[in-house]
Each structure stands twice: as C-alpha cells, then as structure tokens.
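Here chain A shows up in two complexes: once beside chain B, once beside chain C.
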Partner chain A sequence: MLLALKRRYREEVLAISFLWPALLVLCGLLLYPLADVVRLSFYESNLQKEVWVGFGNYIALFNDPLFWKSFWQTVVFTAFSVALHLVIGLALALLLNMRLDPVFRALARGLLIVPWLLAPTVAGMIWVLMLAPFGIINGMLSSVGLIDANFAVSWLGDTSTALGSVTAMNVWRAFPFFMVMLLAGLQAIPKQLYEAASIDGATLWHQFWHITLPQLRSVITTIVLLDSIWTFRAFDPVFVMTGGGPAHASEVLATAIYFDGFQKLRFGYASAQAMVMFLVLFIVSAFYVRRAMNANQ
Partner chain B sequence: MQTVLMGHLGLRRRERLINAVAYLCLIVAIVIVFIPLLWMLSVSFRPNIEVMRMPPTWLPEVFTLEGYAKIFSNPRYLLVFFNTALVSLLVTLISLFLGAMAAYALARFKFAGQRTVLMFLITTQMFPLVLLCIPYFRIFISLGLYDTRTSLVIVYLTFTLPFCVLMLRSYFLNIPRDIEEAAMVDGCSRLGAIFRTLVPISYPAFIGAGLYTFLLAWNEFLFAVVLIESWENRVLTMAIYSLMAEFVTDWNAMMAFSVLASLPLVMVFIFLQRYMVQGMTAGALTS
Partner chain C sequence: MDRQRRILSATLGALALAGMVGLPGAAQAQQKEVRWGQWKGTEVGEKFMAELKAAFEKDHPDIKLVPVDSPFTGFHDRAIVLHQAKKLPDVLMVQVDWVAEFADLGMIAPIDDRIAKEPKEFYAGIPTTFHQKWRDKQYYLPVESGAVALFYNTDLFKAAGLSGPPKTWDEFADYARKLTNADKRQFAVTGTLQGEPPTNMTYEIYPLLLQGGAKLIDVPSRKAVFNSPEGVAAVEWYIERINKDKISVPGVLSNGEREKRANFATGNIAMMFEGPWGIAIQKQLNPKLNYDIAPLPAGKAPGTMVRGSLNALTSQAQDNDAAWTFMRWLSGPTGNAIWAKGTGSFPARTDVTAQDWFKEQKLFQAFVTQMAQPNAESPFLMMPNAVQMNKVMSTEMQNAVQGKKTAKQALDDAAAEWNKVLAAAK
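Right after this comes the complex of A and B.
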C-alpha cells in the first residue's frame, strides 16, 4: 500500500518535471493575456491612461451598427468559405480516390496542395493583382464576353463584390486541407462495404449516400468545426486584400478589433469586441474539444 | 453465355469511361488551381508597364529579371529572408524540444490533472489570436522587447507548442514502453533511454511536427504586424505587405518577392511531402 503510494507519487513528480516548461510557457502566453483582456474590456484605455467604465464598452458595442456589420460579415465569410471548402475538397478527394495510376495520383495530390503552402499574405497579394481592374480575371471574363472590357470591374473596390472576392481567395488557398483529410478518410473505408453493395446492385449514387458519406461523417464534423473556428478568427486575407473596405463592406471581427486597437488606440473597446469573439469561438470549440477528448481517451 | 460476356464488357467499358472522366476532371482542377500561381510567375518576369496593359496577356512580351534583381540588390530584403528563417528555425527547435518533453509526460505517466492539461492544450488551438495581440503589444513594450525578433520567437510558441505536444504525444502512445524500459534495465538513465530509443524511433513525428511548425511560423503575419516596427526586424509576410502599401505599382518586384518567399516551402514540400501531409492531418486529428 505504502509502496504503491510512493510509486504513484514518484510518477507524478516525474510527470511534472517533464511537463512544467511547456505549461509555464503556455500559461504565460495564454492565461495571463486572457485575464488582461478581460480586465481591459472594463476600462477605457489608450496607452497613457486607463479609466474604469464598467460595462460601458459592452453597451457601446451592442449599440454599434459597425460591430454588428462586421459580426455578420464574419459569419457569412465563414459559412461560405467552409461550405465551399467542403464541396470542393470532397469532390477532389473522391476523384483522387478512384482507380488512378499511382504516379498520377501522387502528382495530382501534390500539385493540388500547393496553394495551401503559401502564406495567406502572399496568396492575398496574388489575388489583389488578379482582381485589379487591369487584372487577369477581368481579362478572362471579357475574353469570353461575360463583361465589357471597357467597364472593367474593380472587384475589391466595389462594396458588393469585396467580401465575395476575399472569400474566393480563401477558398482557393485552404481547400487542400479538406481534400487531404477527406482523402485519408476515404482510404480508410473498408473495400468490402462497396463490394457487398455492388453485388446487391446498388448504384454509385446509392453507394455514395449510404456508405461513403456515413463513413466520412466523423472526419467531416471534425474538419468543419476546425475550419469554422480558423476562418471565424482569420485576419490576414481581409487585412491584406481590402483592409476591411471599401466602407467596411468586407470588415470582419478580427480586422475590426485590430483597427480599433492599433489605429484608433481604443484598447478597451477592442478588448470588449475580442471578448465577444472569444465567447463565440469558445462555444464552437467546446463541441470540438469534446470530440477530440473522446478520441483521445 | 455470350450475353453475360457482353454485359461484362459493357461494364468494363463504362468503368473505363468513368476513369477517363476522373482524369479529365483532375487535370482541369489542377489547371484552375494553378491560374493564380502561373499569373504570379508570369508577372514576376515582366516589366511593370506591361502589368497594367489591357487586355492582359499570359506570357510577358518582354522577358525580364528586373523584379528579382530589385529583391537581390536590396540588402534590406535579403535581411528579411534571414530574419524569417532565423525566427522560424528557433521556434521550430524550441517547440519540438519543449513539446517532446510535455508529450512524453502525457504519454507515459498517469497523474492528477492529466485530462485538464490535455483539454487545455486542445482549447489553446482554438484561441482567437487577435485577442492576444492587445496584451502582447502592451506586455512587450513594458518588457522592452517590442520590435525585437525575440518577441516573435516567444509569441509564435502560442500556436506551435500545443500542436507539437499533441502530435508527438499521439505518436509516443503507439510506441511500446518496453523498448525504453529494456534500455533502462540495461543501465541507461531515463533521459538516456529516451534519447537512445524513443526519439530515434519517432523521427517521422518529429519531422512532420517540425515541418508544419516551420510552415506556420514562416507564414505568420498578424503578430509580426503588431510587434515589429523597424525594417531590420521585419519578416517576409510583413515585408511583402509593406511593399504593397508603399509602392502600389511595383508589381513585378512584389510578385518576385512572393515567388521567392514561397519557394523554400514548395521545395521542402516536394522532397518531404509524406511527412508534411502527416503533420497537416495530425494538426486536425490529435487522436
């Protein structure tokens, strides 16, 4: 009994001796700053002075049409990005999973992953150039007669197309993640399931609905949750491509927080917005964490 | 008999047709996906006056290395490459070292609070990074570390370290502990056993986690914008952005810079694709 206790105690000491550096770093980098943001969200603060305002920032926030605008635009940006990632990623994964030449398959997969290697900043820059009035997108559209070459569209300069253009770039850059994950998921489905189904005379469409999709459900749920979180907090694409403009038409929460904090130096107000964002992400994360924890047990 | 054979042949033909369609669709997809990349390359090799010409052409009329020359002749830009490589490398090494230690503790021992630590690590990957910018900015100013490369090495650990811990932990869990225990019976210390058995065996996980960490650090933008001010300490993503903000029309230099900034990652990817994809998938499925 005593020996068992001693042994157990020894394990704990050993575990902590290995664990403490990483935990210390992460607590310092995450928990302390989080506490600081919570505190700051109750103050009016620039770099010089801090004045306690209670819930003032939050009340101002909920009455600020700009906050709601950027909030809903973040939701739209996230929803469209994730949905298109899923559709494109799944289509390409299904194609790559067919009976192809192994060399061609490896090559095609490798080539299709390349956009995902680029920094969002670099990808954003390329798209700024392509979407400019003199850019190749207008060039291609006018050569097939979809737009008039003399009235080139300024995709990023128009309030009705700015957010959509940023979404398009984001879809292009991040779909490979879905493709790779879903391909791995497809390869894990036992072949016998399909053999049995085709003996029973099931069509390809039936097999897709009744075997492929149910078998992929767990992977799809995980990556949709993850991608929603990552896209909801994304800063680089919008900041680089439009800076939230024109007239806030592509503003998302991350850029709004940045501009409030680092341009207008309203750190308290920016912190309150960051807290709202944190709470939204926290709720979505809770689902993800529960899944990940179950998988880890 | 003949009808059965005919039916079989028809099936084979149908299958071949479907396969041909698959090849065709994939080739079309690759072409579409590569349009932005080819456009980047094409613009990087043409003079600036040709960039704004309507209608745009795919191939430059005058082929020039002017854009690349502007990057290579400016020591400022070369310094930016050095800074990025230095920061990314340091972040990768620190993340792997601290991450491996924590992963070992989580994979090999049972202790109170293990579940909480695991949950904390998974949650940290979901954190809105823009939230952290505000306190980081204030903290690093008061520490006197604002506008230093050190500050970047520290804050990048926020998102690289949890990932490394989780990925290495799941790999360690699949390696039987008998191997280390045998080494310890043979007279190795625990650390000696870890370095002689566990670390060499799990090299794919180290490469995968290391490459993914390096990629994340190399491509990071938000913290760099918030924490770095002077040109001497800038990293790539930020330098490219300021190039756009400062000289709106210098497109060939910007695209040349983008090509050069992406090239190292693409080269590494070509040779170590297997490990990199492993890191990419492990980042999502930490089980």
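Right after this comes the complex of A and C.
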C-alpha cells in the first residue's frame, strides 16, 4: 500500500516536472497579456501615461453609439456567417454523400475545399476585385439583366451593402470546413438505420429529419460553436475589404478595437471593448468545453 | 610530430581566443552604427539602398549605416510596438501625420539644438512648410517632399477638344463633364473617399477646402475652422460633381489611392489628384501612358497639401551624434540629391530642386510651381493625432456624399471631433 502510494507520488512529481516548462510558457503567453488587458481596461492609457479611471472606460463604452453599432454588426455578421456556413456546408455534404462516381466525388471535394485553403486576406482581395464597380459580379448581374450595365453597384462603397458583401466573402471562404466535417459525420452514420427506415416506409425527408440530423447533432454543435468563436473575433476580412467603412457601416468589434487602440491611441478604452468581446467568447467557449467534457464522459 | 601538432593547435586556439576577445572591441572603437528604420527599401530596391549606404559610409567612414526595412502598411503601428519594447532604431522615417503623435508619445526627440549648430544654408534650403514645429520644438528633417497637383491624360484631353488643363473650379467642372462618358467607362476622375487609410483626405477634400477660402485649423486658438461658410461651399461643390455630374468612377466611398492610380494607368480616367511620388508609380503601372502634370485648379485661391517622408531622431537612439550625422547628410544637399536621383522622388531641399539635372525632369516642374503658390500647406504637422483626425473627416465626408448628412452637418460634426482631439492635446 505504502509502496503503491510512493510510486504514484513519484509518477506525479515526474509528470509535473515534465509539465512545468510548458505551463510556464502558457502562463507567460496567455495569462500575462490577458491580465494586462484587464488591468489596462481600468486605466486611461495612451502608452505615454496611465491614469486610473475605475469603470470609466466601461461606462463610456456603454454610452458610445459606435460601440453598440459595431457590437450588433458583429452579432449580425456572426449569425449570418455561421447559419449560411451550416446550410451550404450541409447541402454540399449531403450531395457528396450520395452515390456518385468516385472520381467526380474526389474532384468535387478537392475543388470545393479551395476557398478554405486561402488566407483570409487573399480571399478578401479576390472579393474586392470581384465586387469592384466594373468587376465580375456586376458584369454577371448586368449580363442577365438584373442591373443596368451603366449603373455599377458599389458593393463595398455603399452603407447598405458593405456588411452583407463582407459576410458573403466570409461564407464563401469558410463553408468547406463545415462541408468536410459534416461529410465525415454523414459517412459515420450506419446504413442499416436508413434501410430499416425505408422498410418502414419513411420518406427521404423523414429519414433526414429523424436519422441524419440527430446523428449529426454532435458534429453540428461542435462546429457551430467553434465557428461562432472564430467569426465573432474575425478581423482580416473586414479590415481588408472595407476597413470597417463606409461611415462605420461594416465596423465589427475586432476592427473597432484595433482603430481605438492604434489610431486613437485609447488603449484603455480598446481594452474595455476587448474585455466585452472576451466575455462573449468566454460564454460560448464554456458551452463548447462543457459539451466536450460531457462527450468524454 | 605529436608535439608539433600540439603546438599548432595551441597557437590556433590562442589566435581564436584573441580574436573572440579582442576583435569586436577593436571594431567597435573604429565604427559606430546607425540603424535606420524605414519603409523605402522594398519600394526603391536593395541595389539603390546599397548604393546609398556606400555613399554615406564613404563620406563618414567611422559610421556604419544599417537600413532596417519594413513595409509601409502597418509601419506606424509597428513603430509604436517597437517603442514599447524599447527596440526603436536610432533614426526613424515618419510621415507628416505621425510627427506630433510620436513626439507626444516620447518616441522621437527634439533636434532644435543640433539644427542651431549647423550652417544657416543647411536649414534655409528646406522649404518653410517643413519648419513647422510641434509644441515649439522641431522633431524632424525632410527626406522627400511634394505637393498634390493635377495629373491629366493628354490623349483624352485632345480627344475631347481640350487644349490644356483646367485652371479654375469652373473650368474643372466644365472639362470634367466633357471628359465623362459612362457608356465607354470613361470618367473624369476617381473620387477617393475610402476611409482606410485615411490619408485619402490629402488629395481631394483638404486642398478643396483651402481653394474654397477655408482654413483647416486656427493655430492661435487651436480650433478646427473648416466648417466655415467657405468650407461648406467647397464640400457642396464636390458633392455636386460626384452625385449630380457623376464625374467619378463609381464606388467613391470604397475607392482609395490604389484604385485611383490603377484606374488612371488604364488610360480611361482623365485626371488624378496626386503627388510627385505618383510619377514613379505610373511609370511602373503603364510606362506608355501619355500624361502631363499641372497645378491644381484654383477656387477663390490656390491651395494644396504638402506631404513628405521625414527622418526623426528616436528617444532610444544608441548614438545620438552618429544618428544626427546621418540625418543631416540625407537631408543635406549631397545626400538629398543622391536620394532624389536614385529614388525618383521630389527633393526635400530647394537648393536641390534648383540644380540643372532636376530642372530637366519636366514632369516634376508643376510641383515646383504648386509648392511656390499660396496655401501650399502641411497642416498634418500641427495635428496631435492626424491619423484619427483624418479618419473622422473621411467618415463625415462619406456621410455627406451618401446624403446622410448635409455638408454643413458633416463639417460641424467633424470640427467638433477635431476640437476634442485638439483640446485633449493642449
């Protein structure tokens, strides 16, 4: 008994001795910056001087219409991006899961994954060119008679279309991730379930609703949570395509934090915004972690 | 044999040790080092930077010049981060918009004492625009400069029956209408009101305000005054050209400098508001384009913005004297002529623009004329946070062009925001 305890104690000491360098780096890289942002959020800071303002930055934040505008635009950007990722990804995964020629299936899968391989900045630049007033999108719309050839829509230069255009690019870039994950999930569903259902006279819709979706629930929850986190903190697509403009029409929290910090040099205020963003992401992450722990159990 | 080998090994070991201990010290005693943080390396090429380094080191054999190159995009933010990390180079290249901001952040140091010790001709050769001080102190020396002028496509002008560039606002409006033909996708200008980067204000809105008779900042009271009736009339005139005459390539609110230059290079855009740096860019984009350059059309008065790339001595410089020697050389007659010839930029010294080789550069002469006219200003040097103030103006001009605010409302709101920034910096 004593020997077993001693061995276990020795193993734990050994494990900790292996772990501490990594833990130290983790603390240095994660906890220190986080703690510093929390600290800065209670100061008015321009890097030259820091003045304690307590909750002053948070009070100013909640009274700032631009903060609320960028917050809601972030929510809209995230909600539409994630929903469309799921719908398009699921539709394509279902198509690729059908009995197709294996060569065609491999080719289609390879081509459809290309947007996911592009860096967000590269994808953003491609879409900036496509959405230019005399770009390919307007060309296609005018060729089918949807817009006048001389009336070029400025997708990124109009306050009513800028956020939608950035969202469209973000949907295009990230749907392949959903497609691949859902296809893997679909291929793991036992075929016998569908065979039994069709013997019982279930329609395709019933099979989808009562077999496919419940079987994919775990994958869908995981990727939706992950995508929500990634999209909510997205910076590059907005910065590259519109810079948050025109007139803040596509400003999201990530770009607002950047501009407040590095253009206005209000690092305390930017830190307070970052804390609000962190809080939202922390709540979503908590769901994800809880779900992952339940799955492990 | 073994003994010989041992003696040889011991000798080599001793030499290596002596080398490790002694040589760096000897080298340090001989040569100082100046690290020069700038973004020009990628633009002008490594070959010219090596030539510049060789020319400087030939004149100053005791100093080694180390150009530290990083791209212009994000240079401002990187400089702030380097300052926080206490890793700033000795000399930092800055834009006119960053001087006051970097000075208030303690990133750059005043150089008045050093200028005072130079011969009078040294500072007299620098245009007076670049004598502007921040908080009564001089923080920079210019490396290259240039005012915004009018680039115009001579082929399109001939085709429209126009013999020369517009000299007044009325002529500009008239010519612009004649030069616009949307069916052929031919436009008079590329209106650039993109908010990021906010330097777009330099090319259209700020010169227009000056030409309309307005001022940007009242220096004694340190208040924004561009929302005067003259300023409002200037912005209304601009909006009328864009929204009523439709003289611009569509997408004014998303067009930036990149689009403006690329569009002009296609040969379908008749005019472009641009600085002398645009000459090298057009040569690269379309060397066959036929164009000429003239001063900007005048409203009630002439007016333009002067920009420039400047060198500043950082507060973290290791060797201030060596750093100053390099700054003085590059902004002096010898170094500045080498820089202007090698990079194709507009010199920062009047005694260099007066040299014969420069007078032969025909396209540059409009900028000489423009800079000599009244209201060739660089208000950025007086702005405590020019990047933020330009962004405010960009956003309000976007609101005005979209019809979300009247010109008066937009300018009033921009002035209120500017006054907050100016008051905070008092």
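Just so it is clear, the second predicted complex is superposed on the first by the 295 of 297 C-alpha atoms of A that agree within 3 Å, B and C clash if a C-alpha of one lies under 4 Å from a C-alpha of the other, contacts with A are read in each partner's own complex, and residues count from 1 in each chain.
Basically, a residue touches a chain if its C-beta (ideal position, glycine included) is under 8 Å from a C-beta of that chain, and two chains touch if they have at least 3 such contacts.
This structure is a prediction, so every number in the text was calculated from the model and none was measured.
In the superposed pair of complexes, A:262 makes contact with chain B and with chain C alike. Looking at the shared chain after the overlay, A:152 reaches both chain B and chain C.
In the superposition on chain A, contact is made by A:289 with chain B only, not with chain C. When the two complexes are overlaid on their common chain A, residue A:100 makes contact with chain B while staying clear of chain C. When the two complexes are overlaid on their common chain A, residue A:134 makes contact with chain B and with chain C alike. In the superposition on chain A, A:55 contacts neither chain B nor chain C. With both structures placed on the common chain, the touch criterion links A:246 to chain C but leaves chain B unconnected.
Once the two complexes are laid over each other on the shared chain, residue contacts for A:236 go to chain B alone; chain C is not touched. Among chain B and chain C, the chain that touches a larger number of residues in chain A is B. Residue overlap on chain A between the chain B contacts of one complex and the chain C contacts of the other covers 47, 134, 152, 239, 262.
By the touch rule above, chain B contacts chain A in their complex via residues 15, 18-19, 22-23, 25-26, 29-30, 33-37, 39-40, 43, 51-56, 58, 98-99, 101-102, 104-106, 108-112, 114-115, 117-124, 126-139, 154-155, 157-158, 161-162, 165, 170, 190, 215, 218-222, 225-226, 236-238, 240-241, 244, 251, 254-255, 258, 261-262, 265-266, 269-270, 273, 277, 280-281, 284-287. Interface residues of chain A facing chain C in the complex, by the touch rule stated above, are 46-48, 132-134, 150, 152-154, 156-159, 162, 239, 242-248, 259, 262-265.
By the touch criterion stated above, chain C contacts chain A in their complex at residues 76-77, 80, 83-84, 101, 104-106, 182-183, 185, 193-197, 249-255, 259, 385, 387-388, 391, 394-395, 398-399, 402, 404.
Against chain B, the residues of chain A that register as touching in their complex are 8, 11-12, 14-16, 18-19, 21-23, 25-26, 29-30, 32-34, 36-37, 40, 47, 92, 95-96, 98-100, 104, 108, 110-123, 125-130, 134-136, 138-139, 142-143, 149, 152, 172, 177, 180-181, 184, 219, 222-223, 226, 229, 232-233, 235-236, 239-240, 253-254, 257-258, 261-262, 267, 270-271, 274-275, 277-278, 281-282, 284-285, 288-289, 292-293, 295-296.
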